[in-house]
Amino acid sequence: MKIGLIGFGKAGKAVANVILQHTDFSLEWVLRKSGILEHTSAKEVLGISVADPGLIYSEQNTDLEALLNKKPVDIIIDFSTAEGIYSYGKIASRRNIKIISAISHYEENEKRFLKELSLDTVVFWSPNITLGVNYLLFAASLLKNIAPGVDIEVIEEHFKAKAGISGTAVKIAETLDIETSSINSVRAGGIVGKHEVIFGFPYQTVRLVHESISREAFGSGALFVAENLNKKGNGLYNFEDILRPYFFNQS
Amino acid sequence: MKIGLIGFGKAGKAVANVILQHTDFSLEWVLRKSGILEHTSAKEVLGISVADPGLIYSEQNTDLEALLNKKPVDIIIDFSTAEGIYSYGKIASRRNIKIISAISHYEENEKRFLKELSLDTVVFWSPNITLGVNYLLFAASLLKNIAPGVDIEVIEEHFKAKAGISGTAVKIAETLDIETSSINSVRAGGIVGKHEVIFGFPYQTVRLVHESISREAFGSGALFVAENLNKKGNGLYNFEDILRPYFFNQS
Amino acid sequence: MKIGLIGFGKAGKAVANVILQHTDFSLEWVLRKSGILEHTSAKEVLGISVADPGLIYSEQNTDLEALLNKKPVDIIIDFSTAEGIYSYGKIASRRNIKIISAISHYEENEKRFLKELSLDTVVFWSPNITLGVNYLLFAASLLKNIAPGVDIEVIEEHFKAKAGISGTAVKIAETLDIETSSINSVRAGGIVGKHEVIFGFPYQTVRLVHESISREAFGSGALFVAENLNKKGNGLYNFEDILRPYFFNQS
Amino acid sequence: MKIGLIGFGKAGKAVANVILQHTDFSLEWVLRKSGILEHTSAKEVLGISVADPGLIYSEQNTDLEALLNKKPVDIIIDFSTAEGIYSYGKIASRRNIKIISAISHYEENEKRFLKELSLDTVVFWSPNITLGVNYLLFAASLLKNIAPGVDIEVIEEHFKAKAGISGTAVKIAETLDIETSSINSVRAGGIVGKHEVIFGFPYQTVRLVHESISREAFGSGALFVAENLNKKGNGLYNFEDILRPYFFNQS
């Protein structure tokens, strides 16, 4: 599958790193706002030796239609900003290029736009695109469904400088319908990221724990989504739509 | 719901303890092999103050048909031994009394007998009847299905004297199709019981952890099953059959 | 060593249970406020079969001097209330009986009284007398000393009904000189008791974790103290005084 | 303090990264075997913007005496190989430059050489130079000393490809005098490195856990050692020698 990547910040770089090392996918190009590193290759920037170069283009000097004519792609993966979607959405949907967006937060306007685009192509959006966190949400929600009265608490641990409750913890609380006061935020040293959901029963305890090792997890998640969108018809999908069929196929 | 309990060992006592304290269920009688404590009440033995007495009968001096005529039940819960089923199975199925068996291990003969009984009544069997462990098996199996290539290891911790790999850990390994060599058994002090399934991805780790607090978890599990068998037709069920519908109803 | 136990509540019973099963110690008597179970033996109440009976006496009908004449002891272990000390303190110090008090909280008056008693006998007081928690305090304090700038957070987990921050967590915070806001209190189901101190360094994390299994840990702690007070001169000791020599003897 | 670094492999690079960012220390030079990157600066290679360049020299083309004349240092930190010590040991001891070696394994010859060098300068050697692991060893050994009969098990978790039991786990087992069979090795995904020592008591459990985040921990450890060697007289030291005084100063 041929992929075009929008965005080349910390997350974008990690995603490029994963795509470049995966033989089932080729990174045709990277499109970023800034002009830095223009026309160098992502593989050089990342210091890895692979076949695909993953040439970097700047939005400032690039016509997307021309780029797509020269280097067509099956999927556009978006790790830029909320506004990014306006720069490629229409063009992608018209060409029936699948869209995978990992933008953390969209306003109503963008959500409506995604919906509109999804009439003509496959559109996927997940604010956290790691497989682990989405599985955790899914599995936790199942247990809450089984045992509605169980006591639930969340512990999230991150590096000292991280301000506020983590977005993932807030999402867990929303999904499980628990108060924000049940989220315990630990900030210490360089902890990369850990989320633990504690289900306290009278005579037993169940814990679901997700630990982040590196941002490359976003890349694995995006490629997992790409594979699973393969046979989907046009429409707007989220991560739960991707995970649900695995359950039905469970032996 | 009216319950008759077969078996009054450590697990049986803990189960009686939970049933007696649950207002939706009444413990009509306890039937045990030994003659010890015959005709005393379970609530006295357990030192709790509740309405139901839960009178204890010995198999040696008790005619089950007569007991059921005097004190009819909806469900028989079996925490005795593998042979226990022969003492009450036919009688229960003829009277359409539901059977919930938590026997750890049955030979082929008993399994065939359960199948036979299930033509005429609802029969449930689970070697580990706690909600937590069964949820863990279910959720772990789902993640393995989503990510078939993921590295899986199991850590099980129990008190020093516990010999061999725990039955639950073996069951986890079977369910996830991993080698027994991937089970790490820790034996130290008085640890009640902990099972941890580690899913190692390249850039993230997911852990599912179950910690036992007390044997009363068997009682909660049995009553959870009892509630969920309520509208089932005759047939043989296991814990996964009970959990599966929760998924389909998931919002 | 001959022991007299003051107090026979939940903790007192667990302590009696441990003393009775330890062959180096004999439980000469139990003295409690209430008249319940008077003149029965602790071993019967606890349902264990050991040599020592551990006869129970009520303060209401017992003259301590007479009791000590009939059944002398080397040590009095106090698991009663803050006022308990006044009922036996003077008598114990005059007879040079060692005092081990595990009372959670003393006012200034009682502390002064302990000090006074310690002129004539060995007096030990620790608000939490488990070996594990005291080791945790000791080891955590050492790491803080080594790395004064490290980020420290505490997670304490207990059963749902436990109100307020745990006394042990407060003690940890005081010892490490961290804010109460750095204590994260998790309340869920039937968790017996877990304390975790997290030391967050930029490139590594150290965690010290204590998990309670049962109140019998108070008994083990009290006997550990009793053994270690053996060769001490008169004076007032705390748990750190007991642990410190182990460091100096470390190979 | 002026530092010269020997070795610029993965660990050496991480150590340079930490030294460069620490204002109390300046990285005068890096000396490596290979000629790659010669005469570029470590800060460029690492992509960080700091004052010190940390110029890289190759052993092939560099005379250490001349380098030290031009760029004198207080300390040489060695992250090269076991043979490295022969290339700089005599020169350093003659000039009374402190030596901090983090070589994983030395043969008897090298150990004898270190001893010899330590007559004329301060020599420090630790096979694992992170503060966390050394604290863990120290604290675990203390608890074992307090409770010699306690059950001890070790769990060590690392990335899938790591072969054999981790050197740190072996060191823990040696220090605590437990069998290698009590080490449980988990290999899964990309786990960076976790060591957990479990102390199982009958009624409570104590866990000491160390989690690695990145190799930069070696750098922090080396600088911690550098600071603590400051007032030491000539001699051979290990990490325990560094930690021990913190205990005696403990309030």
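Labels for the chains are A, B, C and D, by order of writing; each one numbers its residues from 1.
Going forward, a contact is a pair of C-beta atoms (placed from the backbone, for glycine too) under 8 Å apart; a residue touches a chain by one contact, two chains touch by 3 or more.
Molecules present, by chain and UniProt name: A, B, C, D = 4-hydroxy-tetrahydrodipicolinate reductase.
These figures come from a predicted structure and were not determined experimentally.
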Next item on the list: Looking only at C-beta pairs in contact, point me to the busier pair out of A-C and C-D.
Entry: C-D
Next item on the list: Measure off the straight-line distance from the CA centroid of chain A to the CA centroid of chain D, and report it in whole Å.
Entry: 38
Note to self: Quick check: how many Å separate the C-alpha centres of chain A and chain C?
What the structure shows: 52
Item checked: Separation of mean Cα positions, chain D and chain C [Å, integer] -> 40
Margin query: Using the touch definition from the top, which residues of chain D touch two or more other chains?
Written below: 189-191, 199, 201-205, 213-214
Next item on the list: Name the shape of the chain contact graph, picking from line, ring, star, complete and other.
Entry: complete
Checklist line | In the complex, chain A residues that touch chain C | finding: 150-153, 155, 157, 159-160, 184-191, 198-205
Check: How about chain C: which of its residues touch chain B in the complex?
Finding: 189-192, 213-214
Notebook entry, point to check: Which residues of chain B touch chain A in the complex?
Noted result: 130-132, 135-136, 138-139, 141-143, 145-147, 199, 201-217, 219-220, 243, 246-247, 249-251
